[in-house]
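Next up: some structures, all given as structure tokens.
Both complexes shown next keep chain A, but they swap its partner, so chain B is in the first and chain C is in the second.
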Partner chain A sequence: MRITQGAFSFLPDLTDKQIQAQVQYCLDKGWAVNFEYTDDPHPRNVYWEMWGMPMFDLKDAKGAMMELAECRKQHGDVYIRLSAFDSSHGWESVRLSFIVNRPAHEHGFKLARSEKSGRRIGYTTTSYATREPEGQRYK
Partner chain B sequence: MNEHAKMDTAAKAVTGKDRYKSGVMEYRRMGYWVADYVPKDTDIIAMFRITPQDGVDPVEAAAAVAGESSTATWTVVWTDRLTASEKYRAKAYRVDPVPNAPGQYFAYIAYDLDLFEPGSISNLTASIIGNVFGFKPLKSLRLEDMRFPVAYVKTFQGPATGIVVERERLDKFGRPLLGATVKPKLGLSGRNYGRVVYEALKGGLDFTKDDENINSQPFMHWRERFLYCMEAVNRAQAATGEIKGTYLNITAATMEDMYERAEFAKELGSTIVMIDLVIGYTAIQSMAKWARRNDMILHLHRAGHGSYTRQKTHGISFRVIAKWMRLAGVDHIHAGTVVGKLEGDPNQTRGYYDICREDYNPLNLQHGIFFDQHWASLNKLMPVASGGIHAGQMHQLIHYLGEDCVLQFGGGTIGHPQGIQAGATANRVALEAMILARNEGRDYLAEGPKILADAAKTCLPLRQALDTWKDVTFDYASTDAPDFVPSVSVSN
Partner chain C sequence: MTAAEPSIKSVRLRDEIEGSGINEVLEQLDRELIGLKPVKTRIREIASLLLVERVRQKLGLTGEVPTLHMSFTGNPGTGKTTVAMRMADILHRLGFVRRGQLISVTRDDLVGQYIGHTAPKTKEVLKRAMGGVLFIDEAYYLYRPENERDYGQEAIEILLQVMENQREDLVVILAGYAGRMETFFTSNPGFRSRIAHHIDFPDYGEDELAEIAQLMLQQQNYSFSPEAAKAFERYIALRRQQPLFSNARSIRNALDRARLRQANRLVADLDRALTAKDIMTLEPADILASRVFTQGTPDHGP
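The block that comes next holds the complex of A and B.
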């Protein structure tokens, strides 16, 4: 399966040149970008690990691409996403987010159902990858 | 031009003892026309389009609207003298002929803040549209726009969730959200209905939607729908690793029924519920408060609005409904598509979208915005574009509507020749390709068809969608375009 989180998951994986153009778009808007990585891609896992702090004073997307290259060296076997933060009043949150790196094999999710009264079902989604301890997934 | 009517803008109010002599007096002489009135920052202002009966002075007509929407009745009453009546009288203070529309006038009326209960759309509308629309001296009357002072805006909760928090909860940023209304809208069993939801969500949509008249009918009672839909949502979520939702319509006969359905939706883990505009302003505000208390996104389907928003001369402009709904506290509102099958002038629609999404709307006559409006950090309301749109229009949709909206392709998803999943995928690929191109700085409006064709090279469903609907456009003249003369300057 292919996880479809982020803005561009339905397109073929973006090339570095395409990623750089998106980063430059964010920087030109005055947003700070950073990279985040995880080996737990549960749809409600909000807090992926930060690869350093958001690059608040960066102007040239090349700098971010160097960070991405470094991040991939250490975490190229798991998910990496770019997030762009807009500090403008009235927004003060993420403006753009998309996946820039995926594991070679995406395991997908198990959907567990627990039957309750009145035909109700409680649903629990679990990533198959998280059967292994943190740090030992996608190896 | 209405030849019989003269505008007596110099009319002065009668004062002192003579003002309260028993009998009938013209409204403009009772104090409901004040030519030199300067609206206070705390006044609510309404701008009406009035079409007086032949021979009726437009100033008198405006004063009558002011009177009947505030303190007046048809005759002088002495009991006014027990009150601070001058404060409570609404004041018509400006009447302009509508450009290129003989016999019609824009009338500006100011209302003191004390006339209104804080935080109540029902109270506001009982005054502003309660009595005047059937008034005999007028052929017709339309409420065009309103200005709400910050002091009044702050008495409302506003959208229960708002655009930013909705995006955070859904983990979706940087692109419009995608939805589809389940079709056929009537007749599917719960089990079949959930099938459509599953296919559309797994194929790439973020949301599916109940239609306005899907409530609890013989072919599908509401609990069936909710249970099957949530199975579909959870299955699609697990299949894609992405958060999905379906607008469960909780519209019902009574508030008790609506609360019961809302609670059940919450218990099943739905992120969003929906209501119809026809439930009424009080019910909408009640559900908005419930939604805020229960971390639920609240979708509003503007069912019924066309019966009073569409004609230029009579009713209420949709921009006013949009303002009321932002105050009332819904999170989504259908606000037009420009390119789809339903009424929508591009400039007017732009005005509606700005009302939903901006913190400050400057006066913009071209977009039909007659006043500066501060929203005082009230949450933003997500506009929804729905009705006769398809993937081949993606560049136009993004150009006209921006990225903070929901694009709903019902027929354009479910009618795909290769099925619902393929239809959903076509829409999602078209959307992502267009946002990618826009962000790269390409002239995506001009290059739109090429961008879509290129994306279709690696996406067969998109190729099929483009081929199926390539010639579909809905190009009719709008019945509701703004009336303005660009050179006229209007301040409040």
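The block that comes next holds the complex of A and C.
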């Protein structure tokens, strides 16, 4: 099951050229780009590992693409996302974020329904990937 | 750029020049930089070469990105950094670099202090320089033959790789004193073969230095009184004979000190009614007080 998080996730995966164009857009706006990776695809997972520091002083997207290539070399089998941080006063938050790398096979989610009193139902989603311990989920 | 099907049949060079606006940069170079005749000629030649190269790409005659890495050799204060800045502008206007920023670094920015520190440091700098020009000042410090475990070698290898494989992404300019750069190139033949243009910066003559001084003062809204101009010419003649003379940089420092003395002279007489002219003018006394005249040594260092 293809996970859909962040911008562009209902489109086919962006090519490197398209990613580079997006990065350049972010840089032209003065946002700092950085990469994060994780092997826990749950939508509520906010603990993505940072790949290096946010790139605050880039002029050209090629620099970020070099960093992405490095990140893919080490973490090409898990999810990598790009986020662009706007540090200007009043924003001070992420302005754009999208997935730039996914595992070859995405395991999908298990939906558990728990029946509660008064015919209420509680729903819990668990990624099948997370049955394995961290680091062994997309081998 | 790839050698695609040419979409146009002919181009007029005049349109190309006017479209790119490089003439403005070249004229600015002529206006703001005094002397340096051979450098300006070389830059015009390179600009013409790039212009023709661009037309060739448009007509589909070549798909190769030309090698644009350069080396600037010359004594201190001969305008290497200033010219590099203009070069970045020219390359940007002709479309050979995408952004045209100039990242100026020295050995300290590239080479780390312990094992595994150099590569990330060099890559960090390269990342910032992408799409622009990387200016490595005093490049010969990268290579230290006396220490075989020096980390400079690692930085050199990364640089060479990027200079070869990412020619469309950045242009590297190496700068330094002529003699030491020569030794550097001899011991690193990889660099020499990857550098297309060697430009040598000559020292300034005395009259050129005087002109530079005038230009610097004019930019700061100061001027010499006629006698002060004479005194400064004498100052230049003496200063040039002394050690650690670094051309335009020494002139700038000398002017800064003259301004300091002028300010002191003005403050000494608090009750005098000053006109704008008084404040703008440097008098001979401001220059003749320099130690260059009395002891034959510069006031503070170079």
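The definition used in the following text is that the second predicted complex is superposed on the first by the 139 of 139 C-alpha atoms of A that agree within 3 Å, B and C clash if a C-alpha of one lies under 4 Å from a C-alpha of the other, contacts with A are read in each partner's own complex, and residues count from 1 in each chain.
Convention: a residue touches a chain if its C-beta (ideal position, glycine included) is under 8 Å from a C-beta of that chain, and two chains touch if they have at least 3 such contacts.
Keep in mind that what you see is a predicted model, and the values were worked out from it rather than measured.
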Chain A residues in contact: does chain B have more, or chain C?
B
Thinking of the overlay built on chain A, is A:98 touched by chain B (first), by chain C (second), by both, or by neither?
first
First (chain B), second (chain C), both or neither touched by A:119:
first
Now for A:69: first (chain B), second (chain C), both, or neither, which partner does it touch?
neither
In the overlaid three-chain picture, which partner chain does A:57 touch, first (chain B) or second (chain C), both, or neither?
second
For A:46 in the superposed arrangement: first (chain B), second (chain C), both or neither?
first
Does the superposition put A:111 against chain B (first), chain C (second), both, or neither?
first
In the complex, chain A touches chain B at residues 1, 3-5, 7-12, 14, 18, 21-22, 25, 41-44, 46, 83-84, 89-98, 108-111, 119-121, 123, 125, 127
With touch defined as at the start, can you tell me which chain A residues reach chain C in the complex?
55, 57-64, 66-67
Residue ranges of chain B in contact with chain A within the complex
164, 167-168, 171-175, 204, 227, 230-231, 234-235, 237-243, 267-269, 359, 377, 380, 425, 428-429, 432-433, 435-436, 439-441, 455, 458-459
Chain C - residues contacting chain A, complex
98-99, 101, 123, 126-128, 130-132, 166, 169
